[in-house]
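Two complexes, one shared chain (chain A), two partners (chain B, chain C).
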Partner chain A sequence: MALDVTLETKTSASNVKIGIITLSGDLDASTAPTFKTEVEKAANEGAKRLVLKLSGLNYMASAGLRVLIFSKQKMGTDVDIYVVAPQEGVLDTLEKTGFIQGVILLEKDEPEKYEQ
Partner chain B sequence: MDYGRIDIHPTHTYGDFKLRRGRPSPFGATLVPGGVNFSIFSSYAKSCILVLFQKHAKEPMAEIPFPDEFRIGNVFSMIVFDLDYENIEYGYRMDGPFNPKEGHWFDSSKILMDPYAKLIGGRDVWGETPDWSDIYHHRARIALDDFDWGDDRPLEIPPEDLVIYEMHVRSFTKHPSSQVKHPGTFAGIKDKIPYIKELGVNAIELMPVYEFDEFENSRPNPVRPGETLLNYWGYSTVGFFAPKAGYAATGKLGMQVDELKTLVKELHKNGMEVILDVVFNHTAEGNEYGPYISFRGIDNKTYYMLTPDGYYYNFSGCGNTLNCNNPIVRNIVLDCLRYWASEYHIDGFRFDLASILGRDPRGFPLPNPPLLETLAFDPILAKCKLIAEAWDAGGLYQVGSFPAFGRWAEWNGKYRDTARKFLKGDASAGEMAPRLTGSPDLYAWEGRGPATSINFITAHDGFTLMDMVSYNYKHNEANGENNNDGSNDNDSWNCGWEGPTDDPGINALRKRQVKNAVAMLMVSTGVPMILMGDEVGRTQYGNNNTYCHDNELNWQDWTLLEKNADLFRFFKNCIAFRHAHPVLRSKYHFSNRDYMGSGYADITWHGTQAWNADWSGRALAFMLCGKHAKAGTVEDNYVYVAMNMHWEALWFGIPGLPDGMKWHVFANTGAPTPDDIWEPGFEPMLENQSGLLLGSRSVLILVGK
Partner chain C sequence: MESLTVPGNLDSLSAIAQYVMAAADAAGLDKKASYKLRLAVDEVTTNIIIHGYEENHLQGDVYMMADLDDSSLTITVEDTATAFDPFPKLSLEEEKIGLPMEQRPIGGLGVYLAIQGVDKFFYERVGDRNRNTFVVKRTTANAQ
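Let's turn to the complex of A and B:
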């Protein structure tokens, strides 16, 4: 299954720029570059928070994880990354590979947590 | 693609592939701007072809010969541009002489794995039967080094402060009772960190985690129809740089590197070091009947020790012997260890059959082995623990004489043997005394400290501790080798009945012997090592060589934690006691003198009478002076240990303490649970400060404060 990626940027109540990326489909080696492009766009637009909405993401391969790592590196250590509503398989991968330690996990979409 | 820089511009083409002269160093496949640098060494190959596969594809997608001008010296190197490096697998074909008598085994029909492969596919999921028709079984892949370590680094715990826990990755959590999400994996161990932490060990030693083939020599289990015997322990390396994919829950996704690194990071966060059991004495290619995997077809004569007739020397007992003191092979060992220390933050290495690493290319022991010296003085490995299994299968036994260069520690086989004999009443107090004090007879004369001695009573090789007190003989029938395999010299004692019994007296004695063993181990100077599961009485049902069993013979049964809760509590408190008392963890051997003016020597020896040791008997006691802890740099309590390995209770007179101090009972294995041990710091005062009756086959530990 292909990957759908959309980027939306907004400004939080406390005047912080947020990049919200919604992913659905499969994130693998063939689709990872699309995701990466959107991360770069968000970074270039000065986002200080990155929200990844993953509820529609069915599968994440190594290449997808690499982009998540890349996004952490690209955006800088002061940027908070929110991982929102990952499916169990994706969450599992994030946990086993340690990536989950570097992000804020939201089990469901709670905009009040990242839009304040 | 815009390559941007002129120095990485392609200069050659082959079909659709853009190429450039590669960089010979480093060996392996390395990402460079725009491409991948492939570099491989062979002394005798005439030509070399890079073989590329799409991941999992049966047939290669391309075969690119190295142009002659791309070879420098004996190294073929080439950059291939625009590769989808996450989705390829690669190998080599090498052409050269085939003349086994001369040591050459070149065969260009074979696809060979890069000995420097950092990621290996082909055995992605543990136990999944391989496709035997595959033309390339162990597939080199390219690993990325983008793991986010945060502020993690190796812990550098002083060696004398370590308590090592030897474990098998799969065995630890594979049993259904482990209740972890991914049984038998690195992720499973991570889930059990709270357990290991509660036990109190601060280093885990993992049996081999380098990629190996569990299907090497696989065969039907003669005892359990339908089950297959596997190369379960993994002491047969396929690739020295790659973690075992089948040990990772994410192996199917090719993410075993991340999963293992996550485990290391998490263990470090919890104060635990990671030591890897590494096997450089031989490889999975076996003898002349074994498969071509890599070395045999790349440079057989360089990598293996060969007889004058071209046969494989077998000092490893496994068919071949890596030619460790060939300069080329020395380098691959060094590169490998440096890689694991720097890329995986590994804290130390235990070298399987390390004496082989000290043999010259013809097999003779070297007085000053360059490999061992190189490792001892390497700047990247400078803080890593280096632990030798100081013997090999060729009969070279070097416990106490391993070429240490001031750095190497040893599995102290003499500690194991003497402690076992003493426990069952077969060794005298005089034989046991040096083992309790870091084996100065073996190491002090050469200026080697007590931490040289890795003290252990059980290890993966041999009986578990519970089996050691439950069996007189090995029971290896399930291995299908007519009980001929495994050690016959176990110094074990079944306490009166061979195997399981309902006799409460025998069971009580067995438990007491287990407690005696760990109590002695934890008060011994040196570095204690315990075997996974001994803390809950794990059994292998008398099998002392379970190398081939992927079943309950190896798997840790977590229900034992409840069944033998008293053992776990005893282990836990003994380990905590060791951590609490620096007097037990000296960096230097005892001097038998009072250099602190305390009125007591750092160590004093006693028998059933205070100040009067009987070196020929079965009873022994010693006292450590707290003023001399860590060579007098810190102050600790006094510790007195009495060991009665006689079959009768004995009265022990106890030495007096400085004014104002009293003896308190930390442990007495002769007392019923829960009075057999106390939490450090909460020890009750001893009623009669001048002595006590210590039960038969019992150990007493007092703390004076």
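Let's turn to the complex of A and C:
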């Protein structure tokens, strides 16, 4: 079990820097540092909007929630975090812990919503 | 099921998860119940490894046992780190749930997720070991 993380940065139509991170595999305390590193890179490139594509993420522990808190601290509390297509278990954890209220949930990938 | 002993470091989380999922599979738990059990055990073992062993500069193992009977699957996790009762931490974690994300401390919600994820969870100190026990009912495993 491992985690694959890729970062892509884009500039939106309204000139906002977007960090798009695609996660697949298993996100636990042993793999969370890889995710955190990509969030840091996106922040260093000036991203003010963070898009997390999660359809391939099979599992997320609370170590993943910690990286979400870290993202807000690193990119500013006004950063918009889009959570795209999470699987049932991951979504359940976001809901139960109240994190769902701090993110924008997209049930499927609709780039027009975050690339505007 | 056979027991599993792994070194108390984060590289062992993957083997621990595989052990729990094999036990959940043998118990016939559905996908949702298996996921929640994996999450519960993962959160508690992560705390044992980080707070029990690593922060105290201790080395030790994590001992896993799975016991299956007609009505339930019981997973027992033991370690030889300092005594750590997760329950007092629970009320602290529950207070955080209502906070906006930017006001949350970078602390875990692991114990909350562990207790939420199974039918019964308990902690005992037995000799020089901490013992965390997780019980999932098989009969209600398919109920939501």
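Brief remarks follow.
Definition applied: the second predicted complex is superposed on the first by the 116 of 116 C-alpha atoms of A that agree within 3 Å, B and C clash if a C-alpha of one lies under 4 Å from a C-alpha of the other, contacts with A are read in each partner's own complex, and residues count from 1 in each chain.
The rule is simple: contacts are C-beta pairs under 8 Å (C-beta built on N, C-alpha and C of every residue); 3 or more make two chains touch, one makes a residue touch a chain.
Bear in mind the structure is a predicted one, so any value in this text is a computation, not a measurement.
In the superposed model, A:A42 lies in contact with neither chain B nor chain C. For chain A, the partner with contacts to more residues, out of chain B and chain C, is C. When the two structures are aligned on the shared chain, A:A61 is found in touch with chain B and with chain C. Within the superposed three-chain model, A:T97 lies in touch with chain B and with chain C [touch as defined at top].
By the touch criterion defined above, A:I69 lies against chain B and chain C together after alignment on the C-alpha atoms of chain A. Of the two partner chains placed around the shared chain by superposition, chain B and chain C are both touched by A:A29. Looking at chain A, you'll find residues 29, 61-63, 65-66, 69-70, 72-73, 92-93, 96-99, 101-102 touch chain B in one structure and chain C in the other. Chain C meets chain A in the complex at residues 10-11, 13-14, 17-18, 31-32, 35-36, 38-39, 42-43, 46, 49-50, 97-102, 104, 106, 108-110, 112-113, 116. By the touch criterion given at the top, residues 29, 61-63, 65-66, 69-70, 72-73, 92-93, 95-99, 101-102 of chain A touch chain B in their complex.
Contact residues on chain A toward chain C in their complex (touch as defined above): 1-2, 26, 28-30, 59, 61-63, 65-66, 68-70, 72-73, 77, 88-89, 92-93, 96-99, 101-103. On chain B, the positions that touch chain A within their shared complex are 84, 86-87, 144, 146-148, 150, 181-182, 186-187, 190, 248-250, 253-255, 258-259, 261-262, 265-266.
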